[in-house]
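Down below is the structure, laid out as structure tokens.
Lettered A, B, C, D, E and F in written order, each chain numbered from 1.
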């Protein structure tokens, strides 16, 4: 078993917000992705809106940006970080929509959770806005795809590696 | 294409918080599920904690409960609903942990989004607490599995139906 | 001087959240309006966006809806009310954009502040999104234009009455 | 038409929280003003309270200060900024009360929206506390009057310049 | 040992927000008290302010009222309740200030935590505003003094009963 | 009477968020303590839970951590500070549980209120979770015990000094 520690738990296994006061303040960036799978009917309405007024996507985009700023209020042990950039992209294909969120900060810890939260809340918002058409939509494949900055440096999700979770 | 309307958009396609003032106040319940897939190493640490002190799961559980209460603050067009119950369960298997959240209200609209949000934030919290061990964890299969109450009545997710999103 | 009491102050002049527990639960609605005056340049960019993608207006609309739900968190003595509808409209003319917000509830007190707050935050959002083009924009004429329900019944703003504030 | 870009929209016109990570961290200050016009009756009660206990103004002042800290939660594309000072002043004349808010930060972007938000929420709070006496009060003339720091340097609202919005 | 159950824990000892959906909607009220002990110097400045402008007390009062509305956001397993009244009183004696908060609702569960939270945050605010003068202030004796409504009916704190905590 | 100024009030006695922009950014730490006194029955259930699953303490711990991050939202004149560490400890004795919270930041002002708030909300959460067993619990002795960093340097609460508030 790994020697890596669960840094959110102290020596007695209790939760705490870890001390980052001795870490360097550096530029940090993270990108996360996710997907909402949906019926042809829901997708058609989503695309139709996209073409005409874009409100489903526009609403999900803003929900994701605003949620990124609330991350430390949602995830109990996250540090509050001043985000210097949040941007989301949405790509539709023939069975749903893929979401990507990129977040930047200059701080003592990274913004992985902000990117993951932005994607999750954008996906939930798409579900909310289309659920009258398709209640069986599913949110899948939320994962960190890129991270840079800080002591651990660059991380890139490698989809063709054997995936430990076996779901992709 | 379906005649079902996207109720979050008005006749001009603009977003609004839909008028539910003429709907009946009834008991409503919703259950959503989701899953965090992870490496054997992360799972081992999760289970170990579960056996010893349960803090990863306990933290995710509280994060999910508290997030359910914030749903209307996260999802732009959700109504604020007074929740009468929120409960989450967690089940580990050999490749990750499955999360289920059940939410109840007595109100003019349902609590699907509250259940979906509880599961999503609980999953994000598990990711946050284990990411030092496994950054490649994935959050998958977030979906509404049960809904009751209101005019539309009972809904149950049917996993052996052809899945429109093709990811499950 | 009027005998009307400032209901937010008790007999000693101290602030309190007034007791509405003996008031009837009734359907209540309120509409507020406001305006953002801007340069031709800013207006041109606003309209151009409206025509193409509508993001300035779409963002302001969502900000207004979400702010209506936060009213009791912003205005110290407001009661928390479950809103059953929030909708905003935007109309551009040759010197700016007029905003109208309509809010409904079924509760023991009214939603005037929710409508006023929705308009104010939508106006602030327009300012934020266009301030790179015109810092001299002004937000004006925020007022309650319609209110119904509750003991005091119907109220309508009468613009041709002598206006006490002299700005309209 | 101006070449100035709407920085809150990317090249495709989509909303994003703009990247400020390469901007300098400098001391920044902003002052905004606004006004609540009201009837003689409302004004008399406001002044009377001011003389005796000041609770209407004291409540509005705190609401403005607290709202400044919530700006990034209200205005979708605002960055979260650590405010180093927030102060409001209130001046009554014969037809209402004028509000001024000054906000400071040391950060990569300015605090115009924090000052504008502080004034707006203070004005809404005055409306809320006096609306039992005068529902026809109006909030007007919310504008940025002073801004300093950052690359664009000093800005001062010039009231005797031809006003593009034509309302002052 | 008591047979009374810890209702916030389910049969397996896990936290959940308990199901109140089958409880009656009734009028409920709760009063809590607390105290901030302080030096003669701090007390003198507090009283002086009270006489002149009352801002320390006025600020603490508003902080308490606003905190009551945030109770469900602070206390993880609290239900969200629409408060119909919140009022605080402050009494100074020769060694500090006593705080009392009364809260009302018409709901399926009581407002004890809202009253306790209002007192606590009012006390913290007094500490914050006077800490430049006296860092050794102490917040003590926060307790529920009165509760009515719901199935359990009237409860009154009896100070001359043997106190189980031995601190009063 | 002391010459020390109440820094939260300006020269006219009005509340403001004081200007800290000229203060040094330094490492700062603060520790606060508090206590929940309770009946033998409540204590027995608390300890039993602690031994078995720890959920009462685990819930209070997370509530305290999350509340520390909300301090500036609760205490009207507090500055928003990016916390670099939050940790709580709980110790039971024969009449209750003692709580200690330590908070760190690197900023222009200290984290006393964050530590005091963490203790207070943890104590309120313990009250909430055990109130079904003992409504007469009391929260006492909330005080700052240690503070370091900034211009005023080290402060330590000295319990055997004559206590100005006379309650300890």
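By our rule, contacts are C-beta pairs under 8 Å (C-beta built on N, C-alpha and C of every residue); 3 or more make two chains touch, one makes a residue touch a chain.
Note that this is a predicted model, so its numbers are computed, not measured.
Visitor: Chains in contact with chain A and with chain B: which ones?
Guide: C, F
Visitor: Name the chain pair with more contacting C-beta pairs, choosing from D-E and A-F.
Guide: Between the chain pairs D-E and A-F, A-F carries more contacts.
Visitor: Hey, which chain ends up farthest from chain E, C-alpha centres compared?
Guide: A
Visitor: Please identify which chain has its centre, taken as the mean of its CA atoms, farthest from the centre of chain B.
Guide: D
Visitor: Just curious, how far off is chain D from chain A if you go by their C-alpha centres, in Å?
Guide: Computed from C-alpha means, the inter-chain centre distance equals 33 Å.
Visitor: Nearest whole angstrom, what separates the Cα centre of chain C from the Cα centre of chain D?
Guide: Chain C and chain D have C-alpha centres separated by 16 Å.
Visitor: Nearest whole angstrom, what separates the Cα centre of chain B from the Cα centre of chain D?
Guide: 38
Visitor: On chain B, where are the residues touching two or more other chains?
Guide: 14-15, 53, 55, 58-59, 62, 66, 70, 73, 76-77, 80, 82
Visitor: Kindly provide every pair of chains that touch.
Guide: Going through each pair of chains, those in contact are A-B, A-C, A-D, A-F, B-C, B-E, B-F, C-D, C-E, D-E, D-F, E-F.
Visitor: Show which residues of chain B lie in contact with chain F when the two form their complex.
Guide: Per the touch definition, chain B meets chain F at residues 53-55, 58-59, 62, 66.
Visitor: What part of chain D is in contact with chain A in the complex they form?
Guide: Contact set of chain D toward chain A: 10, 14-21, 72-73, 76-77, 79-82, 107-108.
Visitor: Using the touch rule from the top, collect the residues of chain A that touch chain D in their complex.
Guide: Residues of chain A touching chain D: 27, 58, 61-62, 65-66, 68-70, 80, 82-88, 104-106.
Visitor: Can you name the residues of chain F that touch chain E in the complex?
Guide: Touch list, chain F to chain E: 1-2, 4-9, 12-15, 34-42, 44-45, 49, 52-53, 55-56, 58-59, 62-63, 66-67, 70, 73-78, 95-96, 112-113, 116-117, 120-121, 123-125, 127-144, 147, 155, 157, 161, 163-168.
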